[in-house]
Every structure is written in C-alpha cells, then in structure tokens.
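Here come two complexes built around chain A, the first alongside chain B, the second alongside chain C.
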Partner chain A sequence: MKSFDLHVRVEITNQRYTIIELTGFLDAHTVNAFENRIEEIVSSGQRQIVIDLKGLNYISSAGIGALMALTQRLRKESGNMVLLQPNEKVFKILDLLGFTKIFNVALKEEDVENYFQAV
Partner chain B sequence: MEKEFVANSNAGQQCVILENRIDEIRRLSIIVEEFFGEHQLPSEMLFKMNLVFEEIISNIIYYGYEDDTKHEIVINMNLLNGILAVEIKDDGKAFNPLANPEPRLDAPLEERPIGGMGIYLVKHLVDEIRYNRYNNFNILSFRKNIRDKG
Partner chain C sequence: MSKNILTLIIIILFAAVIILKKRIRFLRVYSETRMKEREAVISFLHKIGERITHSIDLQGSLEIITNFIVEYTHAESGAIFLLNEEENALRAKVVIGLFPPLHQTTEHAFTKRKFLTERIMRDKVNLGEGIIGYVAQSGITQLITDPQNDPRVPQTSDVSIASLMVAPLKIKDKVLGVMALANKRDGISFDERDKSLLESLSDQAAVTVDIVKLYDQLAKQQRIEQELRVAHDFQKLLLPKECPSVEGLDMAAISEPALEVGGDYYDFFWVDEDHLGVVIADVSGKGIPGALVMSMLRSALRAESRNILSPAAVLKVINEYIRTDTQVNVFITAIYAIIDIRTHKILFARAGHEPLVIFTDGGKKHDFVAPNGIALGMVGEDIFNITENREITLAEGDTIVLYTDGVVEAMNKASEEYGQQRLLKTANRSLHGKAKEVLDAVMADIREFSGDLPQHDDITMIVIKVKALMDSVTSRAPVGSGTENLNY
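On to the complex of A and B.
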C-alpha cells in the first residue's frame, strides 16, 4: 500500500544554512510531526534554513500554514527560509495562494546561495 | 467485453462513511485513489481531489463539533460522463464555509491569517460548489469535470 508519511532529513552542508529535506506528504496528518522537528532544529540555533521540496508529493493548507509560521519566526529572529524545487503540483498550490511571491522559492539548486547573500 | 469495460469506466458511484478523526482522511485518500484507478481518471485530478477532500473534511473535524463524541461524515461520489459530483454531509453545527471572506493574497505574510486558505483552494479547484443546511445536516456539494486539465 502507498505510504502517506512524511520523511524529514536534516543535512548541514556548510556553515551558512541547514537543509531540511521533505519527502512524502505534508498535510493535516503529518503537520504536527513536521512542526515538532522544526522546533528542535530552530531551538538548536539554526536560523538559515532551506527546505528541499523535491521529494514532496503533496501539500495542503495545513502544511502551508506551518511554512508560514516558520517563515514568520525566522524573519523575526533575523533568519531566512528558502523553498527548493517544489514539484509542479506543489508549486501550483503555493502559487494559487500567492505564496510563490511571499516565500523565497529557488527553482534551481544554484539559486539558493543568492537568497542567503541577500540577507 | 470491451464495450462493457468502457461503459463501466465512465460511470461509478461510491459512498464512504468517515468518523470525525483526522486519520480518517487517509482512509478516504486510499478509497479515492482506488476509485480513480478503477475508472482510469487522470492522476493530476487525483492530487486536486485529495486536496479538496482534505480541506473540506479537516475543516469539519476541527471546527464542526461542540462535543467530543463520535460523529459520521458521509461522502457520496458520483461519476458520470467525466463529471465527478460529490456530496459531503455532516451533523456538525450549522456552518457555511463558502460565506467566509476570501484571503487577501497580496497581503504581506504578517497580515495573512492561516484560516480561510483551505476553502479558498477548494473553491478554485472545483467547477461548482454549494452549501445547504437541511434537517440539522450541513451538506456541501461540488462538481468537477475530471477530463478537464485545469
């Protein structure tokens, strides 16, 4: 049977930002686990965060709400969040709600650096 | 045989009864996926319809009830000639989600409430939607042209 889980993998590739790789479904069912994991990461001092969405198959308003809360928190604490390469379906949902203009969305890996240089 | 298969793939009905628990949305997703597979409906639409179902049903579960008891949410799906017609019935408090003001998409992040996004998505992902209150039930009905790419 198909899995509707969310997998979160954290990778610190350099000193400048932390990459959080999401795979699966970010929805009403998995959002609490995501928020708990994010809380651990931000509480440990990470403020520059890239959320790698390449493997994310599905997002609902519950997931988008969690990304909004994270962005607001990071901005207040002089941090920054970049969404990396959402697939076409996820991009369309973010766009329908106006979030492609609000969130930093990098469509290519090499664009990520630009968002952190601008901070 | 061929003819019968074609006829069956164009029409179908399914009734699903969920309990008012968030994990029930997963069970519905599986049933909807099977329904789409059985009727050879496009996967792009499956994504959209699962999103529509999640937004409507999570809204009912989170905000619809004033007690902690078990309630049923009844979903009827009807597919005919490429049009999926769905009716979702719940016995929660009277609430018309379609009457809520739409979120301001151009507002800065700090001024954007989290609420209201789900129903905005629903309204934009279906072709037609209406709400009725009937005999102490909320009835939300929508239609979607499943052959449509949009």
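On to the complex of A and C.
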C-alpha cells in the first residue's frame, strides 16, 4: 500500500477565528499528527476554528472521530468549529455518517462568517 | 685483542639479558593485563547472560552493562549514551555516580547527584559535539588525563574531573553509542591499561546492545501481530457460522477481514417468533479495542432487541451504551433491519452506514435507500434522534443487499474505487440465481477489480432474496421459527 501524507497549515486571518488547512489524507496513519497540532492550537487559547478541507482527498473513520472530538471539546469551551468546502467525496462520507447534521459545514468561503457572527 | 672481543661479547650478553628481562617483565604485565581483560569480558558475558535469560529489555541490559563497566574499571562515575538515529544525536540512557554535566554550565544547582543525573538524561549531545560527540563520530576511544586543557571537555565547577575515558560502542564501523567513565576511585588517573580494558568491555557491550535492540524490535512486532491475531480470532467467533433457514427467504452472508483492519460485523437473531433481526456494522477501532466494542454491540443488540419492533428505538439505546463505554473517537456504523417473515415487510434504521440496496422487478429497478441516521457512539440522544425507521416491502423475487464500505471502497492499481455502480451492475447480472450466487459474483468481481493488491479493509455483505413461489415449494423446512435467539 502507498503511504499517504497529511499537511497541516495554520493561518490566523483575523481576530475571530483560526483557519487550519488540511491537505492530503486524514486517516489512522496521520490522525495523531493532526490531533497533536490541534492540541497546540486549542491549548494556546484558540476556540473558534475553521478547518479548510479544500485540499483534503480522503477522510477515514479515525479522521472523523478526531473532528468529532474537536467539535465536542470546542462546544464545551464555548467555541465553534466550521468545516470549509469539503470535496465531493469527503462530503459524501460525512453525509453518509450523519455528520453533516452535527458539523457546521460551509460550502462557500462567505458562509464561514455566518457561523461566527452568531457566536 | 681476543680479550677485548671477550669483553664485548660479555657486555653484549649482559645487555641481551637485561633487554630480555625487561621484555619478559613487559610480556608478563602485558599478559596479565590481557588475562584481566579476558577475565573481565567473560565475567561480563556471564552477568549479561544471567540477565538475558530472565528477560530481555534494552533499558535493563544497559543498566547492567554500565554498572558492570563502572565497577570493573574502578571508576567513580559512568554513563552510557545511545545514538538516536532520528535526531542524529546521543542521549544518555544510564548514569551512575556523579557524572559531570555535558554542557558548560554556570548554574550551581547540580551539586546533588539527582539533579546532575536528571540534567544529563535530559540533554542531547549532537554528533561531533564535545568529547562524547567526538568519540561517537570518530569511533576512536579517548583517554584524557588533563581534562582542564582539553577544549572538548566542558568545564564545570560541579564535579572536578581528574581523568576521563570515553569509548565507542561500535559494531564494525557502525557506532551505536558511547560509554564514558569519569575519575578513578583511588584518586589516580586512568591509564592505558584501563583504556584497553574499557575497549574490550565496550566491544562486548556493543554486541549485546545490538542484539537486545533487535530483539526489542522483534518482540514489539510480534506483540502487535499477536494482538491482531487474537482480535481476528475473536471477531470470527462473533460472526454467525451460517445464515438461518427461513421459509420463503434465501439468505447469504460473508465477511472477509483485511489483514490489519478488523471491525466488520453481522448477525441474525429472532426479535420475536415472526420477526428476524439482521444487523450489519463497521466498528471504527481496530485490533483488540475494536473487537471488544464489537462484542459489546453484539450482546447489547441481542439483549435490547427482544420484542421491540422499532430498529431506530433499539439503536438509540445501543448508542447510549456505546457512547458511555467507549472513547469519543470510536464509533460504529450499522444498519439494523427487522424482517416480518410472514409479510416480508422490512423496517430498518441506518446509523451512518452505507445505504441498503433494493432490487425489484427482477432487477429492472433498483434503489439505494438511506434514511436519516447518525453513527453509533458519537452524539447524545438529542442529536441521535434524527435516526429514523424506513419501511420497505419485498415482493417475490425482490432482493436486498447490505454491505460495508470495504466493498465500495475496494481499490485497484489505478487507485480507483470499486464503487456503487459496479456493485449494482454485478449484482444485477446474477439476480436470477440464489442469494449465494449474487454474493459470490460480487466477491469474485471485487477480487478481479483489485487484482493482486492486498485487501485494505474488511469486506462484508449480506444478500436476502424473497423466493419466487416456484423456489419456495422446493425449499427446506423452516428451522428457527421459535423465539429463541439463534445460537451460532
């Protein structure tokens, strides 16, 4: 089997939220790296997070578990998480599992603002 | 003249005797040193052998090696460093006695042995850095009798260094680490004999470290393999041996676990005497934790499903079970269907699982049915409540297929997925046959599609067909029509 990578890029575009850009594969092999990065970001005080999924090619159950854990943690700490523009395949998986009903999913960049204005 | 010659001969003889005596004395000392070294190595092997027959672990072996070498060379303190290949730097693994700090320090908090040891264990030494890094890089043993004038030795007021010996732990040209000794106990400096002894012991220590490291890796790998095997066997144990025989229905099921990922599960059980429960599930965790969650699901379902005719209601209860008992990132996708065996009406709920496929009109029509629902074990009751029941009624000759993502996500060499369309097409071609034939056709097609690529996820599929009246007449008599759960 090929081994696939995940690239995580963090960007703070404005005061209100942090954008975490994921590129590649979020699965059992890469989920630890993702979680470690998230831990750094959240423990540094960031509670409003946008996960940019435009470049994410694949998400496995382990990856979805990590997103679920992050959402629950942020909600507990009065934060919020928005998933931005998952590709068709990733969206289909999220939808199949019922997670489009739980996660905030923004299909356009402009929609991201709506989720944070409410907070 | 002849007298002179005689005198010369006598002088030469005298000189020869003196030289020979010196040589003999040198040889004796040399052989004593050699003997002592041999004795030391044998005693070392004995000691390490004793330990290894007990248990082999790297840290324990390193402790024994360091202790032994410090004792045998009468050193006041010693430390063993191993090369960490990822960092390309050395890390102290064992420190005995007041070993001097590795870096120049102006702090004076290190007078206590504990602090000193802690600091050395924490510090990283790059290849080529200081005396430790020098020996690791060059592979040459160093004896330093005037450390104050050697720039490679960090100057510190915490521990006064009178003499120092550092030897590489190397096998052929590969340096595994470094053994360092500071100060001789009787106050005199280490000398060439001590250096030679340290070299002999370090050679032996290197071989030991290499073997133990290899064994350590192997043991870890074996433990993982062992765990996977146990989980596999366990998973197999949970699956039914065969499908129940029910009048009017033709059923077939298969679950082929992948080498590493295990987590697919299916089951049949009686809800009451007229209703057969069918479940297909995919647990997100793998190995033993995954198998445990699976067994929990199995018992919970069998217990909670009795006499309850709403699959969504049962899944809601199961969701709470799984949620409170597992970590947040373990979840299960499942379809739970209840078949009324008299009317062939099916009520089912989908907890985030792949849709149910239904073929009607002899395969002329098909549909992927995916009612609202969320995977088990992720969210509380308030959100899980969107999981709903859907009713379908099968007519004679109709077929339903339940499957896990391993079917549609099976990959070929070009990294393409098998996909729903190919599943539909293949199943459709063999719909006229028995349920088992549909199953076999799809499995064979997946194998053909994937070629010789290893299967990367479990593949599980259930095919249920309502027999046409003609088939029904020739079918076997029903077996499990009681309220007892089927025990396979």
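Here, the second predicted complex is superposed on the first by the 116 of 119 C-alpha atoms of A that agree within 3 Å, B and C clash if a C-alpha of one lies under 4 Å from a C-alpha of the other, contacts with A are read in each partner's own complex, and residues count from 1 in each chain.
By definition in this document, contacts are C-beta pairs under 8 Å (C-beta built on N, C-alpha and C of every residue); 3 or more make two chains touch, one makes a residue touch a chain.
This one's a predicted model, so the numbers in the text were calculated from it and none came from an experiment.
Engineer: Let me test your reading of the model: by the given contact rule, A:83 touches which partner, first (chain B), second (chain C), both or neither?
Structural biologist: Neither: A:83 stays clear of chain B and chain C.
Engineer: For the three-chain arrangement built by superposition, which of chain B and chain C touches the greater number of chain A residues?
Structural biologist: B
Engineer: Taking the superposition on A as described, I'd like to know which of chain B and chain C A:97 touches: first, second, both or neither.
Structural biologist: Both partners, chain B and chain C.
Engineer: Under the stated touch criterion, which partner chain does A:51 make contact with: chain B (first), chain C (second), both, or neither?
Structural biologist: Neither partner.
Engineer: Is A:65 touching anything from chain B or chain C once the two structures are fitted on A? First, second, both or neither.
Structural biologist: In the superposition, A:65 touches chain B and chain C alike.
Engineer: If you stack the two complexes on chain A, which partner ends up touching A:20: first (chain B), second (chain C), both, or neither?
Structural biologist: Neither: A:20 stays clear of chain B and chain C.
Engineer: Would you mind listing the overlap between the chain B footprint and the chain C footprint on chain A?
Structural biologist: The overlap between the chain B and chain C interfaces on chain A comprises residues 1-2, 28, 61-62, 64-65, 68-69, 72, 96-98, 102.
Engineer: Okay, in this complex, where on chain A does chain B touch?
Structural biologist: The touching residues are 1-2, 4, 27-29, 58, 60-62, 64-65, 68-69, 71-72, 75, 89, 93, 96-98, 102.
Engineer: Would you mind writing out the residues of chain C in touch with chain A in their complex?
Structural biologist: Its residues touching chain A are 282, 284, 286, 328-331, 333, 351-355, 370, 372-375, 378-379, 383, 386-387, 415, 453-454, 456.
Engineer: Looking at the complex, which residues from chain A come into contact with chain C?
Structural biologist: 1-2, 28, 61-62, 64-66, 68-69, 72, 96-99, 101-102
Engineer: Touching residues of chain B toward chain A in the complex: what are they?
Structural biologist: Touching chain A: residues 22-23, 25-26, 29-30, 33, 44, 47, 50-51, 54-55, 58, 103, 105-106, 108-110, 112, 114, 117-118, 120-121, 124 of chain B.
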